[in-house]
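Order of writing sets the chain letters: A, B, C and D. Residues in each chain are counted from 1.
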């Protein structure tokens, strides 16, 4: 029996230059499309009469950039997702996931890639319904102090010492679900990103979970139209080195930044009255429950 | 409001040498743990009294390897997952995800890393219930012929030519759900992996979806206790080069292997009478539907 | 016969927090050490009496960070390299290579990782001689116009069209050799980096080679004590898409950013009176000429 | 002043299918070209009259694959390098670097990617002279015992304990220089690779340097026409875990496989009568000595 399925063109790299004057602007995207619908035939018999080729999906991404321009990644995603669900009767759901790479202006037509996080948008359409999730990932933050960790469960396998002062570092991967699909996406992104950073900076942290919850809450407070925030925060451990063998103290100064293993803290923060998520987080939300 | 959440130690790298004779054996794992349960306090107030530290989780992985040995990754995952849900009242669910790297024997105590795919296992426990998912990823397969693609939807954005002979290449990422948790895991893995490869090789393919379905079906046929197979198959495009400008033909011989974009075909194949998946695929199966 | 050889500890990840007041500062380094000298015994017989273990090298990196602090990566490299060549009679040459990751300040003890290039330093010591090379890598720059490419050789295998307007994009990997070892390293770095960026922005480019030469020359002009600049510039191709099949023009707006293949342009720019490079670029400079 | 420079097309991904019968064969390459010569004009003025575009280099790689086939990577590299130095008066040196990915046969036209090392070749031409270097990289080997490390220098920064039994693991990166350019490349490759593995397995190791020297010597012994071997061997540390806090011993069984830092051991082994290396290892062998 064929279960949930989808297909599409992943990672179409699109760079759009806007030349409407002496000063150019730049949009740099990685666009992935996934479609679902009446796809049993191609799976069961290889009959592709209901398949919109992934090659066509890529062409559409490029053509739409020229035809409609790109105001925001959310709006571009909405345009594309709505197009795909109306492009063929067999396509009932479409999801467009976009990574947007930031560039700092150096001159009228010159730019340098920024590294402080990648802006993301995931837009889903099903019939006339749409869901918009915005986010940021690879935003690496670090506090050198104001982080403790103690009072935890102790069992036979516990060796960790309690600490009242540690480095807290993470690479933020955050996504937030909007309740409307016509807001000022750029303003919302900036407000949400600032809220995440502000909460990381200002929270005196007793656990990374506490910081996660503060970050999610701050986004909900900052942007009324956001109804849910999901965060995935790796705990990038920095271990204080024992320099006593060399006759040296180490009062919180010299650390080893470890690669693996790392803690991974994941959680959602949502409004009490958040509407149902529908297809916002997955084209197949009942996956786990068949 | 705090939504679904989990935390744990990710990517604990464990190498176990078995020295029970002149011939050593080697187990090389990357183990990730995720726990869920009564975790509101640490999120809301930073009170960690119900938190089993990720450091302790790592210690437990290493200690269990010594105490209990590792017969199969599935059994090791079951041991760990059952331990974690009984370790503290606050931990109600545990998920243990293991990557197992293969090594070929070169001598009594010498080995070479194989590259043909990584074996995986994801084991979940909730109370006394458990779910076991096994799999393989990064298994790169290629057919030089017996692959066609035509008869698809044509619209304004179509430029793709139909083809009756193309290269079909993919990096298999497959997972399969077991209905029982006491089977011969190694035999099941070998049978499932062979079935995947056999179906890829033997299917005359009219679409990668057709190949996907054939691969999933073959696993279900090969191993009765497997009830569902999920596949994620990137279509690694190989483009035939136009050598006419150089006065040369190119009868299916010289190809450009592209990186991006790529097609991505995903789907599940399951038995008609497959039991409910429960937490097999996610610790929070209702995620999308709140 | 044993030929040129070296060994050392690679990629020691060191994070140093300076806590000298309410405002903390952060140094985040990846330090690699390579030593050469009288190492025949360990190769030929396994006698390690002349080997300073790589573990000790790592310890030394951490201890020196505490004992001496880190003013600049160049000075820290000089301290370490001089220490290693005086640490044991068998160690005659030492090379210390440092990557320094940038962090933007968010608060008194809070930081965000920047992504706009990694600062580098490679310091070599041999007896009482030292050489210092500074640099930057992964600095991604792009001009949307003012780049042409034409007038090139045409042969049987030429299909490239000449262009008078293209995107020029690269990830700068630049290193510069100093003639003295006591300058203001931070000021020199800022001046050299600015010169690289300024030349990329201001050069109306007829080839990436021309831009490379302009960038190297600008560094030499900006910092008198720098005597040689080496640049490795991948040409990250952006291909203008043909949208005519969709009834659309494309006046330099919509591009495909390709991954592979890419052009790779490498070259050195040096002063007429640059002193001999000695061991600045390699511990074994005669490698190719035995 | 313009110093040493070169340019070319990097990472052209070429897949060649040979269809000369019911059984297909597969060649999967990543080809990089670098050219040097009379390139001052393009650097100084942007005049490209002496520049063979990197786009043309890529076309040539594909066209040659069709015109001449690919018997071995070394022969294909020789064909290409000789072509480039005769293609234009301005091109005096050419280097062709090829990675060859291995595939295991699954059927008449079906293959699985192997992971046990990538075969490499670097061919250089200057006028009528040529140099051929073959090699292998990413060949990951591990011995669970028969490795010791003791008797090393002890200083103030030493904490490493001596050991008479440790895991020895590395990812072999080896290159070997041939004295002739018309040998049986495939047989030479197999013999050299086997010699590397055999020496790693059979050497009772007192240091990774000793193993390195044994591996290089074994290649020289196995293939008379090879005159020099260069090896770069990361020491992938496996740390024995202290399980005493959990009431467990650990007699060489449970290890933590660390990512960073790692030791890096590099060295050359060559015949007493090895001819001069010329341009075998670098297009600019005097680089370090200006």
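Just so it is clear, contacts are C-beta pairs under 8 Å (C-beta built on N, C-alpha and C of every residue); 3 or more make two chains touch, one makes a residue touch a chain.
Everything quoted here is computed from the prediction, not taken from an experiment.
Colleague: What chains touch subunit B and also subunit C?
Modeller: A, D
Colleague: Using C-alpha centres only, name the chain that sits farthest from subunit B.
Modeller: The most distant chain relative to subunit B turns out to be C.
Colleague: How many Å are there between the centre of subunit C and the centre of subunit D, using C-alpha atoms for each centre?
Modeller: 23
Colleague: Counting in whole Å, what is the centre-to-centre distance of subunit B and subunit D, each centre being its mean C-alpha position?
Modeller: Going by mean C-alpha positions, subunit B sits 31 Å from subunit D.
Colleague: Show the residues in subunit C shared as contacts by 2 or more other chains, in ascending order.
Modeller: As it turns out, subunit C has residues touching two or more other chains at 13, 59, 63, 157, 159, 245-246, 259-260.
Colleague: Can you check the complex and tell me which residues of subunit B touch subunit A?
Modeller: Within the complex, subunit B touches subunit A at residues 1-13, 32, 34, 39, 42-56, 58-60, 63, 87-88, 90, 149-153, 155, 157-160, 205-210, 212-213, 228, 230, 234-235, 260-272, 274, 276-282, 284-290.
Colleague: Mind pulling up the subunit A residues that touch subunit C in the complex?
Modeller: 13-19, 24, 26, 28, 59, 62-63, 65-67, 103-104, 106-107, 109-116, 139-146, 167, 197, 200-202, 238, 241, 243, 245-246, 248-259
Colleague: Give every residue of subunit A touching subunit D within the complex, in rising order.
Modeller: 156-157, 159, 245-247, 259-260
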